Amino acid sequence: MTIEASKSEQKAAKIRLGMVGGGQGAFIGAVHRMAARLDDHYELVAGALSSTPEKAMASGRDLGLDPARCYASFEEMADREAARPDGIEAVSIVTPNHVHFAAAKAFLERGIHVICDKPLTSNLEDAKKLKEVADKAKALFILTHNYTGYPMVRHARELVQAGELGEIRLVQMEYPQDWLSEPVEQTGAKQAVWRTDPAQSGAGGSTGDIGTHAYNLGCFISGLELDELAADVDTFVPGRRLDDNAHVMMRFRGKDGGRPAKGLLWCSQVAVGHENGLKVRVYGTKAGIEWTQADPNYLWFTRLGEPKQLITRGGAGAGAAAARVTRIPSGHPEGYLEAFATIYSEAAAAINAAKAGTLVDPSVVYPTVDDGVKGVAFVTACIESGKQNGAWVKV
Amino acid sequence: MTIEASKSEQKAAKIRLGMVGGGQGAFIGAVHRMAARLDDHYELVAGALSSTPEKAMASGRDLGLDPARCYASFEEMADREAARPDGIEAVSIVTPNHVHFAAAKAFLERGIHVICDKPLTSNLEDAKKLKEVADKAKALFILTHNYTGYPMVRHARELVQAGELGEIRLVQMEYPQDWLSEPVEQTGAKQAVWRTDPAQSGAGGSTGDIGTHAYNLGCFISGLELDELAADVDTFVPGRRLDDNAHVMMRFRGKDGGRPAKGLLWCSQVAVGHENGLKVRVYGTKAGIEWTQADPNYLWFTRLGEPKQLITRGGAGAGAAAARVTRIPSGHPEGYLEAFATIYSEAAAAINAAKAGTLVDPSVVYPTVDDGVKGVAFVTACIESGKQNGAWVKV
Amino acid sequence: MTIEASKSEQKAAKIRLGMVGGGQGAFIGAVHRMAARLDDHYELVAGALSSTPEKAMASGRDLGLDPARCYASFEEMADREAARPDGIEAVSIVTPNHVHFAAAKAFLERGIHVICDKPLTSNLEDAKKLKEVADKAKALFILTHNYTGYPMVRHARELVQAGELGEIRLVQMEYPQDWLSEPVEQTGAKQAVWRTDPAQSGAGGSTGDIGTHAYNLGCFISGLELDELAADVDTFVPGRRLDDNAHVMMRFRGKDGGRPAKGLLWCSQVAVGHENGLKVRVYGTKAGIEWTQADPNYLWFTRLGEPKQLITRGGAGAGAAAARVTRIPSGHPEGYLEAFATIYSEAAAAINAAKAGTLVDPSVVYPTVDDGVKGVAFVTACIESGKQNGAWVKV
Amino acid sequence: MTIEASKSEQKAAKIRLGMVGGGQGAFIGAVHRMAARLDDHYELVAGALSSTPEKAMASGRDLGLDPARCYASFEEMADREAARPDGIEAVSIVTPNHVHFAAAKAFLERGIHVICDKPLTSNLEDAKKLKEVADKAKALFILTHNYTGYPMVRHARELVQAGELGEIRLVQMEYPQDWLSEPVEQTGAKQAVWRTDPAQSGAGGSTGDIGTHAYNLGCFISGLELDELAADVDTFVPGRRLDDNAHVMMRFRGKDGGRPAKGLLWCSQVAVGHENGLKVRVYGTKAGIEWTQADPNYLWFTRLGEPKQLITRGGAGAGAAAARVTRIPSGHPEGYLEAFATIYSEAAAAINAAKAGTLVDPSVVYPTVDDGVKGVAFVTACIESGKQNGAWVKV
């Protein structure tokens, strides 16, 4: 461990931020707000926090927002904020999935940067349309696949990019949970209700909610592109309307003309004993790595024929990509909120460069609309393969 | 922990044992011998330790065998020992797979009990024929799926049988290794050579060598029967003649008319960083369990909505099935050889009951020829599915 | 895991905060700032960030402070801010130890709440004087023994208070590090220089820097009061001026007339392989617990004669005290900054209650000046015992 | 992992072994018998298994011993076996501590090799006398500090000897258990009764039963000699007659004129949640190591400034000293019985060399009567220091 001096904290003016969704009773909105605050690059100044006007207003008051900037709809917020000289420069979209498309479109088309929760949209058609919008927009689109912000995930990716693993052969991803082991959506629990409702979530249940995270992370670390998948998709809990477990076999395109790699993905919301058991393992011809979200400050790294190494965030063996996004010394754990905050800080770096008309530092990394399209395509392919009795489906 | 008095050690006369295979340069033969010695139920008195006569003799001499009982072939041993009044009562078959069938048949037909290494045979036809032989024989057939001898595996099974997990939904099995990450069979390494040779191993590489273990253990613990599987089977190392990685999706028959369970199995010999990473996880409607061979004295057990429990061998929470096969107090680890020895002791209990013409204690458990047929059927189905691009294959 | 709705975020006006120390090149200042921001209860508006005027000004500019409120000394800041109608309401003191006393005194006497890094002061005399000042002051004093903010530490304490451990027999504390295994202070590394300098740190090296944390945490969880200690105190690195390792035997006063408990404390800066290996274990007549800072979301809890339980932050088994300070669902790790932020939020709750003239919620917990005096008394006793060849010294 | 060919199993004739103690109801006797069998160097042929004649006979019958060689006392066995041409060549002494001295003396003086459980004797006077006897005897004396037989303990020692840790600064030992957390000796539990009885155990309770193991292991690995210690010795359970917890500060002699090293030892039988939590950590100027008995196939090894390494038994990074005593491939765990068996096999190597009049292979290592004297001196010093309120006592 080395106790280092703090990095020079940025002196750029704070980015004026709005939020869509995330009012009283929501979960992920508060996470986004903490993430936005941690590194001090944003100031929350406006919100369309709920689709219920009274709740939108009350939620804004809770957060100390100017009542004049608490809107009853994102459309109104987009219009009014775009017209203000001190209007928001960026917006966080933290609603259920089915709202993402229209909301993101509204802000992007007004030149307001969008930081959007995943999955990108509730169906592939919307995802592709959103990509078109984003590609044409004068504003950035950042998708909060927040696990890509963990320092040891960055290090894993750097090891792969540096060739330390050799040619990748296997990518094993899993994300088991147990909170939907019983039909809790029937008790009215808000988080369970919308996440198991096709109208709000789209066609994927566990595949969309957590499978996309595991898939995104496997690709982020390995640098591979999925070619096709075969999925056995289940709904174990009687009465549930979306999948709560999926087994997925994957075939990735070979890199640089090399042999295709294979993968396995398991996502589950009925695996009793797991809270948020996201784990990614990647094996190449020269080395293998393993990372687990619940213990995120560690990365197992083994070179073929050498002892296993436990690389720690901030410790010996962690490279430049991890160091960039590390806040505190090794042995003092960083967690989920810090990783989430890193996505916000990467977004801020990109937004500030855009504002300044300069190039963004090439080491800045965040998930894009393209990653979002891939995620929705993954869910779509899982559901399609599931319907076809596990046949291979191209993505 | 409680330091308990030793269990009364059995006073039955030792069983006279022969061995086929396991001569100089072998690996698993020495394991079988240690396993046979640990609980003192056997006396090794004869051997056909190698198919090379000089080596057979030298290997026997190393082990202190009477030279007159060191045979150059199992056929000779079977004939000659069957004719001796003090001839062997049981035989351990520890050769490469392709010899299992003929050797087991020779001894079974002479009323000599057979303790045979897995997989049962090198192809399904032989497996079925061996089952016929075994079913008709006046001798027992025990297959050394040694992992079933671990106390915490017994406990896991007992938990399932007692309904503690509720209805089983998921069985996740994996057995990654890395010792064949490079083409070591081309260097002449004996263990690698025969295990990658179709003529000696049969059609399965990793599927037969380790996949069968994981599959057997998943079934042993869950009590489920496989219905069909879909496999993506690979040979990553150039020039290798058998698979070195397989991804398998599984569908188990529902129990007692219940909903079918699903499973995932991964076996690999090219997963860098894994030595013998056998892990089985089973999830039901009420609880989930996890067991890892490298840390075998622990069983994770979580009831839905309760804290995770770490049950230890010999400790609080371990039940009668585990206690039966536990030798030393909790906190003092038992390992692979002890589990293997338990298979030998279970076999001894069954053989002694057979000798005495009494019923064997119903708590005695060991893998049988039926488990062996299932194992070979699993390998056969994996290979078949692999050839059909991962189509579902009934087993 | 349950994904819960966010707790209603406080709508009280933000507390105006100043900072002493924590300028460019510092470490802990940035930590305090992130901690103050996370839950949004503070606004940093003034600073005496460095004793070098230019650096103070530059550091303030980095943080976006009004230049008029960037002071060259804490005395000036205390005077000037106390005189402003919009002056700071609270101040964070994040300097080396020897400055704590005078700075805290200056603000407390002006009715400005003080949030001060540990150890309280660099010597026991100052500590006692500061207690007098704090006791008389019209402002609160909060000491950032940040580890007391971890949810599972709160849970451990709650278990003890609820009698779940029975009568406490043993408290085992350790805090090994390795960053001072070599004489890095001789290379000019700023953090190492002041932490090994008696003039800035006081008489204790490892005992003051990290031993106090371990001791504080052992007392916080166990609820015990130290009676006497015997210490073997070492400086392993040649040329170092303060201790870098200490072994301490402890005797705690019996609670409610009960038998005295015993303890063991090890702090080290030369234990190669440890980053920030803070661990506390407490054993009573009925149960034992274990908590490790590097993996802070877990608490091992074992009742005598029952299986070990792994209680997780946010998960089943975590009680009300932990839930109060938990931000995100189980399985998503919180870390060091969140625990630190909890101290800031507890302080905010107390400060807001003081501002409103209301009683603070009795569940609000933070380390006080009394804890600070105990910490300095611990260091003083260690050094004294060390000089007396490990004789028992009353604290 | 490499699956290696079995080592050539020794063809030396088996050593004729007797046993003192270990009859029905005993614990450690069965362990010794399994250990003696595993590697096939011994044949148990005689016993004085109990001091109760009927029980001695019945116990011998259980083990299949010739009734003529089941003796009612060790004196009789020593006399009669020494007189037989086929008499025992070695004897295992597995009684409570107070019998060790007289029994060992009886056999050593008759030229019969002694394998004796620890601690050496129940008091220091006997220990010194036994050393005299052993030094003069024409037979070997082996003490079963069985933990020294673990491969990763051998590797740890080899790392120290090779200078990989640099100069040793710290040796931290602990051995917590919880099985005596309540006064179970008052229920008549045999193991608890004699282990808490000064007449049978000697002056030390936890210090003698488990503290000696931790101390022996710390010295075995570090190669250091203890100079003095200061101990706080407790009996927490009311009515107990021996200590059940001790905290010990240690000072080791500097090696080769170097700086003295320091140590900390904790042994406890009332630490709820621990089964057999033996752990040894050694820190030097260049590296640190950590080994835990419950997970014995792993050794943590960290070089200053490098990532932590997890060295596995049989795996990459394990050296020659570990390989010598490794039976099966990495990833297949060996445990307590295997380590115990290694002591027996080392003893066999030494005994066979003695029989042959040849030099024993210098890599053969086992605990000797000198280690035993040190162990008893350690216990004696702990008790003495405890009585003197924790004063430093030379050993």
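To keep things simple, chains are lettered A, B, C and D as they appear, and every chain counts its residues starting from 1.
Everything below uses one rule, namely that a residue touches a chain if its C-beta (ideal position, glycine included) is under 8 Å from a C-beta of that chain, and two chains touch if they have at least 3 such contacts.
These numbers were taken from a predicted model, which means no experiment stands behind them.
Distance from chain B peaks, on a Cα-centroid basis, for C. Between C-D and A-C, more contacting C-beta pairs join the chains of A-C.
Remark: chain C and chain D have CA centroids separated by 43 Å (rounded to whole angstrom). We define each chain's centre as the mean of its Cα atoms; on that basis chain B and chain C are separated by 54 Å.
A straight line joining the Cα centres of chain A and chain C is 34 Å long.
Touching two or more other chains at once are residues 178, 274, 301, 308, 312, 315 of chain A.
By the touch rule above, chain A contacts chain C in their complex via residues 1-9, 11, 13-14, 22, 24-27, 29-31, 33-34, 37-40, 61-64, 177-179, 189-192, 274-277, 293-297, 312, 314-315, 327-338.
Those residues of chain C that touch chain D in the shared complex are 169-170, 172, 178, 181-182, 230, 232, 234, 236, 245, 247, 249, 251, 259, 262, 264, 266, 268, 270-274, 281, 283-290, 300-304, 308, 389-390, 392. Residues of chain B touching chain C in their complex: 301, 305-312, 315-317.
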